[in-house]
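Presented below is the structure to which this report refers.
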Amino acid sequence: MARTRIVLAGEGGQGVQSIAKILVEAGYEAGKEILYIPNFGVEQRGGVSIAFCQIADEKIGEPRFSKGDIVIMLSDRAIDRCCTYVNENSTVIYDSSVCSKKPECKAKNIISVEANKIANEQLSARVFNIIVLGVLLSATNVLKLSDIKNAMEMALGKKFDAKPELRDLNYKALEMGMGLIEKAGV
Amino acid sequence: MIEMLEKGPRLAKAQNAEVGASKFCPGCGHGMILKTLAQTIDELELNDKAVFGCDIGCSLLSWNYMNVDTVQTHHGRTTPVIYGVTRANPDLVGIAYMGDGGGLAIGSQHLVNAAVRSENLLIIVANNTNYGMTGGQMSPTTMPGQKTETTPYGRDCDVTGRPAKGAEMVASIADPEKSFVARASVSNLRKLKATFKKALKNVDMGGFSFVEVLSVCPLNWRTNNVQTWDRLKTMEEFFEVKDFVQREGLE
Amino acid sequence: MTKTHKAIKVENVAKGKADWHLYTDYCKGCGLCIVKCPKKCLNWSKEVGIYQTPAVEPNPEECIGCGTCELVCPDNAIRVEKK
Amino acid sequence: MVKKLITQDTRMFLTGNEVIAYAANAAEAEFMYGYPITPQNEIMHTWCKLLPKTEAGFLQTEDEISAGFSTIGGILAGKRAFTATAGPGNVIMQDAQSMAEMMRIPFVCAVMQRGGPSTATVIYAQQETRLTCFGGNGEGFRIVYSTAGHQDLYDYMIKAFNTAWKYRFPTFMLADGYQGKMREPVTLYDPASRGIKMVPVEATLGGANGSRPVNHVRNTFNLEEELMEVLDKYQEEFDRISPEIEEYLEYKADDAEVLIIAHGIVARSAMTAVDELRAKGIKAGLFRPITLRPLAVKPLRAAVARAKQVLFTESANGQLAQMVLEKIYGLQTPYSTLFKMGVGVTGDDIVQKVESMVKEPATV
């Protein structure tokens, strides 16, 4: 039974839940079984924000899982919080242009990307999370680019229509993110 | 000499003739307030529209007093039950009946918010300056120096604060365009009826009404008939009897 | 069978203009009416009310049949019938 | 009459809180009274957003006390009304819920459990199980459905209205923060298309216009015996209708050597665990009570008697276990426990626990 368990963690405000929503919406539209739990603490903003996503071909049982297949960490605090979701079958991806340290956990592999740096230097700080979404899309490899683009259209279509250059910017960010993982050869 | 008469007591149509004597203590103000309320319901012909709710405390003894649909609720909770009713069926005229404890202590958050939201009901607070049913403890309206079971040496306002003035409080937050707020007294039942009339008319017009009625509790006050009326007079000096808020067009 | 009511009946008060009734199964003997009577003509009766405490009755000579006692009675025990 | 939004089978990708609002509309609920508390807020949000289309009613009250009592008012006035709450809100709503028990008011409430005691977390727990089943100053004359995901939320929210109005005991849909906040696909449908007819509602207060004697609804009694007479009747009725109401689900429990007993969303993790354990050659199975009040005692006892060991697992410290242990008194099957207070139980947690039980059998 194919099931991909994803933990996506960052600082509140980094847009973690926004891209998780696009990812699961894309999965749902593609006919997958989906289960998504946003981590929701007392605060509406701030603190570590975690999205637990599952994408599967068959009905999903447990809503929460112990270990993720893909664990993405976008801040030092996210590293501290999320090593607990990692085991020797996990792929850990962290942003070394945000984090000041490397995750110290026993994983299948630990990959660093520099989504934040790329966003700032080559695109726009605002599409940092979309680059991460691209990373995630490649790393999970269960959804097609077109699925994600459709879901992005659903979430951001109105903004895109108002400012068409945003669409190109976001697509570019998505593709650059995907490229980061291809280079890493996951 | 006792005779057997066919003609019985003169009761309002909105009073339940089946129950005989009420469950209240001798001289209790609730009887005066409720019979006046029932007469008002008759005169305004609201018998089919009125829904009556009573609280815990002595007011609960009125659970079968009225000849209108009635619900007996929990302490302080009559207000939300009755605005729940009128929100669901705005054609009804909801009346929430309670004491000073139910209105100004345990149910005060409901009173405040019902007033602020201009909920469509009449809230009647019978103020007898103590908790009657539980045996005469201090209530929010207990007068300075008044002896109760929990202020056996007299209410010391330095310790317990000053008596709550319900009508003034509600008047300060009620919407003047939708509300009727008054304080009346059982010392003048004709005037009380006139007050209830305005209050119920306002509810029938879709508004919010609050009437605090200064009442008597001879049993817990330990007063005889003369002292009871005298005590009420002192209360009227402390709690001003008047209409505080009256929306335009209400007569 | 018609329901009947136990009552103290004082006929022809107010110079014959009214009859005064007190239903003893309703009177709790609180005496509030005594204080409110404008003519101060209500007195404790030898008859008792529902709690076996004295009921009240007016002095028919002084009673003006104004109905204040009926108005004030918390328990609907008094009925003043104007003729 | 409210307008129904779902007229044909519709697959949607929703949060559980959204599902509950849709289900209440499908059940022809006319009015919601509520007060904000996480994690149930989106039930109200969704209900309010849909109001222009449904033409239903909503009141945001000043607290859960008033939400509960005004719901009672709405029901007595003849509306199919409901409310929802969680955590500390569930605690103070017991005031109204016990009145609904005594007055036999068809009170429907969705409980989205969060961590406790007190404020604790706004996330998730199964720690309101005992409270929801037995809260208030009485005997727990309540019907409680424990759901395990979005299809359940839809099915049982609709069912709760009919159970409440048919039997006139307060009826609860016990879910939790995970179910409220998580998103998964669900099929919404018009109850009529499944042969479900909504029990008609009627007004207890108002609207009679002389067509019936006035109603005096009370919950106060003067004498002990007067009260007992009423309660004995309620208990007799509750016992009599229980077999019609009881629901449970068994998953590979027939030949299970280790029987897992879990309710709600933990039962879903247990299903994942059962599959993994079976793949490893361990005969595990699940017994999931769906109604916690009343419990399906007969099949429960039979399943426990068949097993070699029992594992109770909950996101609480054994609140369901306590209720079950009382009902399986006398059976000799030893049991073990996996309790995580206010924390989700994963499939892995259960797999590891059952493996350890196989290595070293329970003795209790």
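First chain written, first letter: the chains are A, B, C and D, and each begins at residue 1.
Please note the rule applied: contacts are C-beta pairs under 8 Å (C-beta built on N, C-alpha and C of every residue); 3 or more make two chains touch, one makes a residue touch a chain.
The shown structure was predicted, so the numbers you read here are calculated from the model rather than taken from an experiment.
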{"item": "A-D or B-C, whichever has more C-beta pairs in contact", "value": "B-C"}
{"item": "Where chain A and chain D are represented by their mean Cα positions, the distance between them in whole Å", "value": "34"}
{"item": "Euclidean distance of C-alpha centroids - chain A vs chain C, Å", "value": "87"}
{"item": "CA centroid of chain A to CA centroid of chain B, Å", "value": "62"}
{"item": "Distance from the mean Cα position of chain C to that of chain B, given in whole angstrom", "value": "26"}
{"item": "Multi-partner residues of chain C (at least 2 other chains)", "value": "none"}
{"item": "Pairwise touch network: line, ring, star, complete, or other", "value": "line"}
{"item": "Pairs of chains in contact (touch as defined earlier), listed by label", "value": "A-D, B-C, B-D"}
{"item": "Chain D to chain B touching residues, read off their complex", "value": "30-31, 33, 57, 59, 61-63, 65-79, 81, 95-96, 99, 203-210, 214-220"}
{"item": "Touch list for chain B against partner chain D, complex", "value": "16, 48-49, 51, 56, 60, 63-64, 66-74, 77, 79-89, 91-92, 109-110, 112-113"}
{"item": "Contact footprint of chain D on chain A as seen in their complex", "value": "24-25, 28, 33-42, 60-67"}
{"item": "Complex interface listing, chain B residues touching chain C", "value": "1-11, 15, 20-22, 24-32, 35, 189-190, 216, 218, 224-226, 228-229"}
{"item": "Chain B partner contacts - residues on chain C that touch it in the complex", "value": "2-9, 21, 23-26, 28-32, 34-36, 47, 50-51, 53, 70-77, 79"}
